[in-house]
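Going by the order they are written in, the chains are A, B, C and D; count residues from 1 in each one.
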Amino acid sequence: MELKTLIGRAKRGLREELRLYLVAISSLSVAFLCVAGALLALTNLSALAERWGESARMTVYLRDGAQAADVAQLRVVLESLPEVRAVEELTAEDARALFLQHAEVSADLAALPPEVFPPSLELSLATGTDPSRIDAMAARVAQLRAVEDVETYRGWFDRLESLLSAGRGLAGALALLVALCVLAVIGNTIRLAVARRRDEIEVLKLCGATDAFVRGPFVVEGTFQGFAAAALAVLVLFFGFLALRGELDASLAALTGIRAAFLQPWMLVALIFGGAFIGAMGSALSLRRYLTV
Amino acid sequence: MARGSDGKVVRPFAFFRAGAQQDSRANRPILVFEDVYKYFRKDQPTLRGVNLVIERGEFCFVTGPSGAGKSTLLQLVYRKHTVDAGRIRFAGRDVARLKSSSIPFLRRNLGIVFQDFKVVKHWTVYENVAVALEILDMPPRLVRARVAEALERVGLAGRGGDRTEGLSGGEQQRVAVARAIVTEPALILADEPTGNLDPHLAIDILTLFEEIHATGTTVLFATHDHSLIGKRDHRIIALDDGRVLEARTGLRSWPGAGESKPPTHEGSGLRVVAG
Amino acid sequence: MARGSDGKVVRPFAFFRAGAQQDSRANRPILVFEDVYKYFRKDQPTLRGVNLVIERGEFCFVTGPSGAGKSTLLQLVYRKHTVDAGRIRFAGRDVARLKSSSIPFLRRNLGIVFQDFKVVKHWTVYENVAVALEILDMPPRLVRARVAEALERVGLAGRGGDRTEGLSGGEQQRVAVARAIVTEPALILADEPTGNLDPHLAIDILTLFEEIHATGTTVLFATHDHSLIGKRDHRIIALDDGRVLEARTGLRSWPGAGESKPPTHEGSGLRVVAG
Amino acid sequence: MELKTLIGRAKRGLREELRLYLVAISSLSVAFLCVAGALLALTNLSALAERWGESARMTVYLRDGAQAADVAQLRVVLESLPEVRAVEELTAEDARALFLQHAEVSADLAALPPEVFPPSLELSLATGTDPSRIDAMAARVAQLRAVEDVETYRGWFDRLESLLSAGRGLAGALALLVALCVLAVIGNTIRLAVARRRDEIEVLKLCGATDAFVRGPFVVEGTFQGFAAAALAVLVLFFGFLALRGELDASLAALTGIRAAFLQPWMLVALIFGGAFIGAMGSALSLRRYLTV
């Protein structure tokens, strides 16, 4: 097919149905906005998860009066474990100061004797170390001579994990819903737009056009619509993000310790070209039933 | 005949060059109906046992009362419908057995004027005619030249830029005629192409088809207009109640019609006397 | 005349009972064109200075070459378009000055056969005709009886259940005619109502309009078909190039046509000799 | 207009365009599903907020060796305050037991002397009491004789508040997005469906139908579509909720202390009739440009 003719025919369609096109593009871009928004939420959620994952830690309480040499040896042993990223020593005084600093109930506890706070080694664990390995390690470390007790914060860890997975589940369900919505909107928009032009398709077929010839400009138009809608959605999301960022940083980020981030560039590119692709496919598929003239 | 501005006649590619059967001779009939039946309703066939041979380069009128099956006859040729029994051969090939991917190539050899025009109302006149050439992948320069010529021949020179919606009934019909002839097809199927035209223009269009016929094109011209049929001495195929009654030499020699006298409009001359 | 099965003739309510002007007399002209101009393009008016008086109960042919403005003339009456200059009075009221909320009540007094039929293809034949009565809020029992009668009169008895899409061109045209007459309107505007009919049926439909005319209905019958016009002695309004040339007594007494001889189809008799 | 005729005409439309209708209803119901889902999320979020709001509390630490009579009088005073819903007395022993029970770090703290845990009165505050009033009250209570110190948990309270408002903000933004989406989908679906039937509308108008007559069946069809789509969405949400409830209760509810609740009956009714209403309005409005024949 002559490319010039193809473009000409696509432009003819665009000119004739400009209003319809604007409506279709706007409704598609709302759908894409939903997808992009869900992606943004997931991006930030996983940044949060990573941040929290990084902060997995373990406290090894040292026996009262453990020898400095023993402690140093213990430290070397712990540092050699693959799961351990960093080891920090906390004396009883340090621990007491830290406790008082964090506790809101300051008044009476200031009088607590240092003995209540045993010295400890604070371990930062490697990202993504799974809980069962942490347990096993804790059991082994507890056998060592200078060790009084091992705290794995397993309870806290579990709670965090389940909160995160609930968040991920919700975001996933939302993304699924949105994807359904996008498919429905794109399918309907294109199917209905094509239905409006039944007469045109009939004439083409009766004049001897092949299916590919009939599809050509519709697919070009669909591609353009999908592309424009996705690009518009990304733009709107970006400016919305810029506008809301201050708000977000103030409330959410202050709580979670991370700053809101926008979508990765590769995601943006994937969204826009995915939009163009879905538009093209939607056009081609929804034409099928009108080609049997 | 219509030619490009460079004088080159661009014919749509010959029909089924590869698939044509071995007995293809230059004067093999272009269109053959063999005992064709078409049922739209179980109890009452629209066509019952139609046998016809249309030779290459013939000009035939197809006539008959409303609902006789004229349009159906033509629609079977361009595969809008398929026969329920019997066979239709176009250039030797059984039309009913074409794969659906081959149908476009069948239609490119036909120039069809539809009874309801089938022009796209929101396109311009030019676009409605040009589409037939665009389908053939003709270069735009050539398309422009040939569309302009076709529009001139149907009396619509200079109307190319108008929206088809705003045209009068007769003008729309002439757009449909222009689209049918612009590709220089091997066979023209014109379904009532003058129903919305005044007698003058009807004769003009008939003459146009005859000019095209003179270059070797086969023409099937379905019409009710006995005054038009009476003016010319072409073969007449009269349909009634799904059966065919035909005259080889036009209305003038039709049984019951006096020589060179236009037919009476009582129509008895065209009625099938016995089933 | 068409009546309900209970014998009661249901007329759509009289046009603008309240708004009718005081000079309303029984024999006031039903339709008056006063110096009507219509421009679709700046440079070239489609109608230029049309003056016409159609009396109540007249039967007029409207004829003229393709693109002369016949359809436009009728469309101005039913307010598809409005005049650019001049005035059209229907039953004494200026049609161009109707509020858009009054237009439906104008149209309910008209029975219109559109040149392109305007039947809804995905409805059945029955539904296409019944819709005109449903608009008038007629009870379903009465609708059924009158639709059946109208279909019988146009020769489509028993076809009520068929999808309109599957009908032949002439059958669709007759559906359009049935829809126009089923409401028993005061004025019938028939735009080329026999263009797709064979001569027999064309005469039948013409006769049908004449029967309806005999009950007092005014009929404007636009047609190209000189053989039809030549058969009857009605008033002829010939349009050419947007101007009107008219004969009071039919083609037989048209200047240049011999008494009681059908017109020649050369058409010279109907051409306006001088602009 | 004859009602029978009206219904007959609407059914005719339904019969002719059944496939189109199913597509339209399915896409509308996806949109309504989004709305209903957002509503559900908001419902549960506000239940959570209420629960947390209810649990606003204050601890009044009693002076060492405060007289039982003084404490009783203090209790009476506190109970008379409008902001206070309930007062519970916590002896030093109770406090110690509670601390040990909650604290994960059990080993060494078991040895803590009871003196570390002063006796206290635990106040539950009225729902929605605003923070400044709590501060004022705390200042007043701190003046009383038997009172050693007052803990308002202001820090925790603030964190909870900001978390909740962030959640509400997110849910609100989502609801807005979804509402936009619904409007776009309904508008387009009906506009395009009507565009397909231009010829029908033209015929009606040319035969003398009033605008109201033309609109009638379209509005009936639009109402039915909106109704069916909303009802379908509610059903899907309900069964989805039933299926996911176990999961939700296990993860989310365990964390927040509330059980997932479904939408209130009045919300369901409002959704369904709102759907019918939007369908009717959408039909009526999108017909306007086709009525000028």
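The criterion applied here is as follows: a residue touches a chain if its C-beta (ideal position, glycine included) is under 8 Å from a C-beta of that chain, and two chains touch if they have at least 3 such contacts.
Bear in mind the structure is a predicted one, so any value in this text is a computation, not a measurement.
Chains that touch both chain C and chain D are absent from this assembly. Centre to centre, using the average C-alpha position, chain A and chain B are separated by 64 Å.
Chain B and chain C have centres, each the mean of its CA atoms, that are 31 Å apart. One finds 69 Å separating the Cα centroids of chain A and chain C. Annotation for chain B: no residues touch 2 or more other chains. The set of chain A residues that touch two or more partner chains is empty. Taken chain by chain, the contacts form a single closed ring in which each chain touches exactly two others.
Chain pairs that touch one another, listed by label: A-B, A-D, B-C, C-D. Within the complex formed with chain B, the residues of chain A that make contact are 1-2, 4-5, 8-9, 12, 16, 199-200, 202-211, 213, 292-293. Only residues 40, 63-67, 70-72, 115-116, 166, 168-171, 174, 191-192, 195-203, 224, 226-227, 231, 265-267 of chain C touch chain B when the two sit together in their complex.
Within the complex, the chain D residues that touch chain A are 20, 23-24, 26-27, 30-31, 33-34, 37, 61, 104-105, 107-109, 111-112, 116, 118, 148-149, 151, 153, 155-156, 159, 162-163, 165-166, 169, 173-174, 177-178, 180-181, 184-185, 187-189, 191-193, 195-196, 244, 247-248, 251-252, 254-255. Contact residues of chain B toward chain A in the complex are 12, 78, 80, 100-101, 104-108, 110, 112, 114, 118-123, 127-128, 131-132, 134-137, 139-140, 179.
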